[in-house]
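Sending over a structure as structure tokens; questions will come in a sec.
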Amino acid sequence: MSQNVFVSETCRLNLVNPILIQGLPGLGFVGKIAVDFLIDQLKPKRIAELYSTYIGLPDGDMGVRVELDGTFTLPKYEFYASAETEPNFLFLTGDIQPVAWGQYNVANSILDFASKQGCKMVLCLGGYSVQGRRMDLVYAVGDTVDTVEELKQLQGVQIAQSGAVKGAFGVLLGLAKQRKVKCFGLLGATPGTHPDLRAARNVLKVLVGVYRLPIELTDMDRKVEEMEARVKKFREFQSALPQQDQPSQTDVPRGYIS
Amino acid sequence: MSQNVFVSETCRLNLVNPILIQGLPGLGFVGKIAVDFLIDQLKPKRIAELYSTYIGLPDGDMGVRVELDGTFTLPKYEFYASAETEPNFLFLTGDIQPVAWGQYNVANSILDFASKQGCKMVLCLGGYSVQGRRMDLVYAVGDTVDTVEELKQLQGVQIAQSGAVKGAFGVLLGLAKQRKVKCFGLLGATPGTHPDLRAARNVLKVLVGVYRLPIELTDMDRKVEEMEARVKKFREFQSALPQQDQPSQTDVPRGYIS
Amino acid sequence: MSQNVFVSETCRLNLVNPILIQGLPGLGFVGKIAVDFLIDQLKPKRIAELYSTYIGLPDGDMGVRVELDGTFTLPKYEFYASAETEPNFLFLTGDIQPVAWGQYNVANSILDFASKQGCKMVLCLGGYSVQGRRMDLVYAVGDTVDTVEELKQLQGVQIAQSGAVKGAFGVLLGLAKQRKVKCFGLLGATPGTHPDLRAARNVLKVLVGVYRLPIELTDMDRKVEEMEARVKKFREFQSALPQQDQPSQTDVPRGYIS
Amino acid sequence: MSQNVFVSETCRLNLVNPILIQGLPGLGFVGKIAVDFLIDQLKPKRIAELYSTYIGLPDGDMGVRVELDGTFTLPKYEFYASAETEPNFLFLTGDIQPVAWGQYNVANSILDFASKQGCKMVLCLGGYSVQGRRMDLVYAVGDTVDTVEELKQLQGVQIAQSGAVKGAFGVLLGLAKQRKVKCFGLLGATPGTHPDLRAARNVLKVLVGVYRLPIELTDMDRKVEEMEARVKKFREFQSALPQQDQPSQTDVPRGYIS
């Protein structure tokens, strides 16, 4: 492990071939929302924290966050593990992407730690930018043609066929493949203009199907409806105003994935 | 210790569990003013200097400062120690923050050195940006809920409950907590628009109370009055001028801490 | 090899003193087009891949490229080798230059790998920016006066006599010379305003002459003619339009090489 | 020595306590002009080259320079040594400053090499920005009060008493002092608006006096007169033109040293 990234174990669990599922902030916050919901529902144990000079506060500055109770914490990623589900899971969540020149170092440290836990498979969750196309789809990418064949069998999943997957999502998958660890990514279609609960829900629905997760998506459904009602109201309010300087909805480039 | 940071000891003292107190330039220069005043009053010994490729001249360039006597010195941090106070103290002072990508390296080198001196507690001094709120307050953050409970007992101290503590202040506390070294921060409320002697004085007053320091704050009080008289005169002069392009006083974001 | 660059061998060939030929994107994409054509024609074996935190996607971001079949790959350089040609060749191709601060690290890793394959000579292909001068020339630079003397004997080749060769082309040659590995560069004259097939063809023609390569340049000739017909048609179309805001053709600085 | 800086010896001389004299590009190019003139006159032997990922082409890009004879060279610093003068000298010359984040690494490598040659004293040559003050002065800075006392004895030398010495000049002196190697700097007063031969001549005159160097300054004098005649003619020509947009001569900040 690099001296610029350090992983501190907080508890030890006996995991059997856990699947690493990473969800960090990215397009529409889809991956982060999905992983945080999984952590919320499956109640896995927090087993380790990752700190790094490459991981700053959400605005990119170095420092610590102050909590409501007056304590503080360095920016960090957290590993949660569930030994009781079948299969076992190892979740990675965090509030920010590493800086560009630290992406490889951080991803390699994550894979080193996962490998020490016996991890043989890596899954990244994120968003896929589409406009005017079907918004209920989940796009998938895989390390090999065989993995892609398996992904094609999943309901509601379409194979991504071009473009680039940027940031921590792409780098973790790329380096996992490099290590010959089976890996794939699920990307919820999203306009990417706001934290997209619906896209996260679509990704979760695929996961629930694949792993028969004991998860209630109704909570998520309620949140999605609330959010969409709020957005609708805001748009009505906005369209009642005289037109001025509205940022175009097509600002996000077509086909950008993250 | 990284090859990019080196600490050079200039004198050896036998310290017993000294408390490290760091004060570097930041919001309102509160921390630096406070630590420099403590050094001025307690007359601790200079025991070490820290040099680093991450610490430049005050304008950020690399080079040396030329003194009045024609000698020169690299940018550096200085450690001062007092073995005669109860408790012992280790002070860290300097003229500039490390560059962003060197913050972790520098803070780790500081903690390595402090640990070699037997240090079991770390305290950072700095400023807390407030507007229109009570300006005589000192905000505090702590590594644990227990530390925060102790801080609540201090007169004139209020617990900070959100936001971020940026720069060397935050990183030192964050990494100290990470090492399980007890640590906390005291932040003088300040508009942050000028070197704020009054905020530094408020922080010092708390310290004097906690550690029963043999310090005369009257010197500081006189300086505060002089400064405030000068600022007042300048404002009267300014308000007599025709209004133009005055930078708004609310330029500093609310709730920013450093 | 640096921890930031890693070379992964995919197949082992017994090579006898292979010549390393590098062609990466640069002025007019001359080097890349030429090396990719050589790989296409000589059908060498892919023997290794180079990955690095210094090599991003073509737009400079970190991540993976998604292929048409739904698989993904990290940005990488590829080594191809032909043990059947006389001499043996080792080709290096890729889609992007390393970032500036990684150029030395990457070039040294390339030379380490080439040296392990028994490589005793290095050749870089690229473009040379000229305007209004003879466009069919290939410019050459060499590590020593002796090498330059040899280069002078080649038909259609002129010795470059000033300027700088920038980027991966220059750094690989510079470090090879530094290691006392014989090395030289061939630079096709190009306006540098578009991917320049003709300049690449001129470079290839020199190579075919020097190494008696079993290569058909007629394929390339046909492509060159198609491209030039398209460019001509576009210019006629353009000149029929009312004049406005046309970027001047002299935007590329004279004498810039890459 | 760092892996990012490497020194390659080209010839071995038996030196007795040589004095290292560094002259790199800086304000008015004073240091570089002076050292290059010393090399030209004393005809020392080239004994080593320093290459580094921190040293680029004069425009900051990475690559190689192409010479008139068609050969190429990486950007480098060169060490020259004279074993026949009394004292012995070790000269360091180059065409560019290291990038900011490489200054410490490069300077430490220079000091490592000099120390291996038995060097016990370091001297940096450069320019000192002044306006409207006496232009024939040479300013000096020293590592200790004792060194400064010695410098005060020199004719035509004035002690610098504030400001900063930036870049490679300052960092080399700072790190030499840090290693307890005696060191000082001589800075020719210069407006800094052009390569300043006169300022370099003033610095050389001091050196000739101190070390009784067998150097003819008349060559330099002739060059100075030619240059100043040319500048005068240009100014007359310029003042005959209608006034427009002339960059003010006071653009260079007062008191800036390099």
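Every chain is named by a letter (A, B, C and D) in the order it is written, and numbering of its residues begins at 1.
The definition used in the following text is that contacts are C-beta pairs under 8 Å (C-beta built on N, C-alpha and C of every residue); 3 or more make two chains touch, one makes a residue touch a chain.
The structure displayed is predicted, hence computed values, not measured ones.
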*Each chain counted as touching chain B and chain D at once*: none
_Chain labels contacting chain A and also chain C_ = none
*Rounded to the nearest 5 degrees, what angle rotates chain A onto chain B on CA?*
90
*Chain located farthest away, centre of chain B as origin (C-alpha)*: C
_So the centre of each chain is just the mean of its C-alpha atoms; given that, what is the distance between chain C and chain D in Å?_
38
_I'd like to verify one number: the distance from the centre of chain B to the centre of chain C, where each centre is the average of its C-alpha atoms, in whole angstrom._
54
*For chain A, write out the residues touching at least two other chains, lowest number first.*
none
*Between the chains shown, work out who touches whom and classify the graph as line, ring, star, complete or other.*
ring
*Would you mind writing out the residues of chain C in touch with chain D in their complex?*
2, 100-101, 103-105, 140-145, 147-148, 151, 159-167, 169-171, 173-175, 177-178, 185, 257-258
*Touching chain B in the complex: which residues of chain A?*
3-4, 8, 51-53, 56-57, 59, 61-74
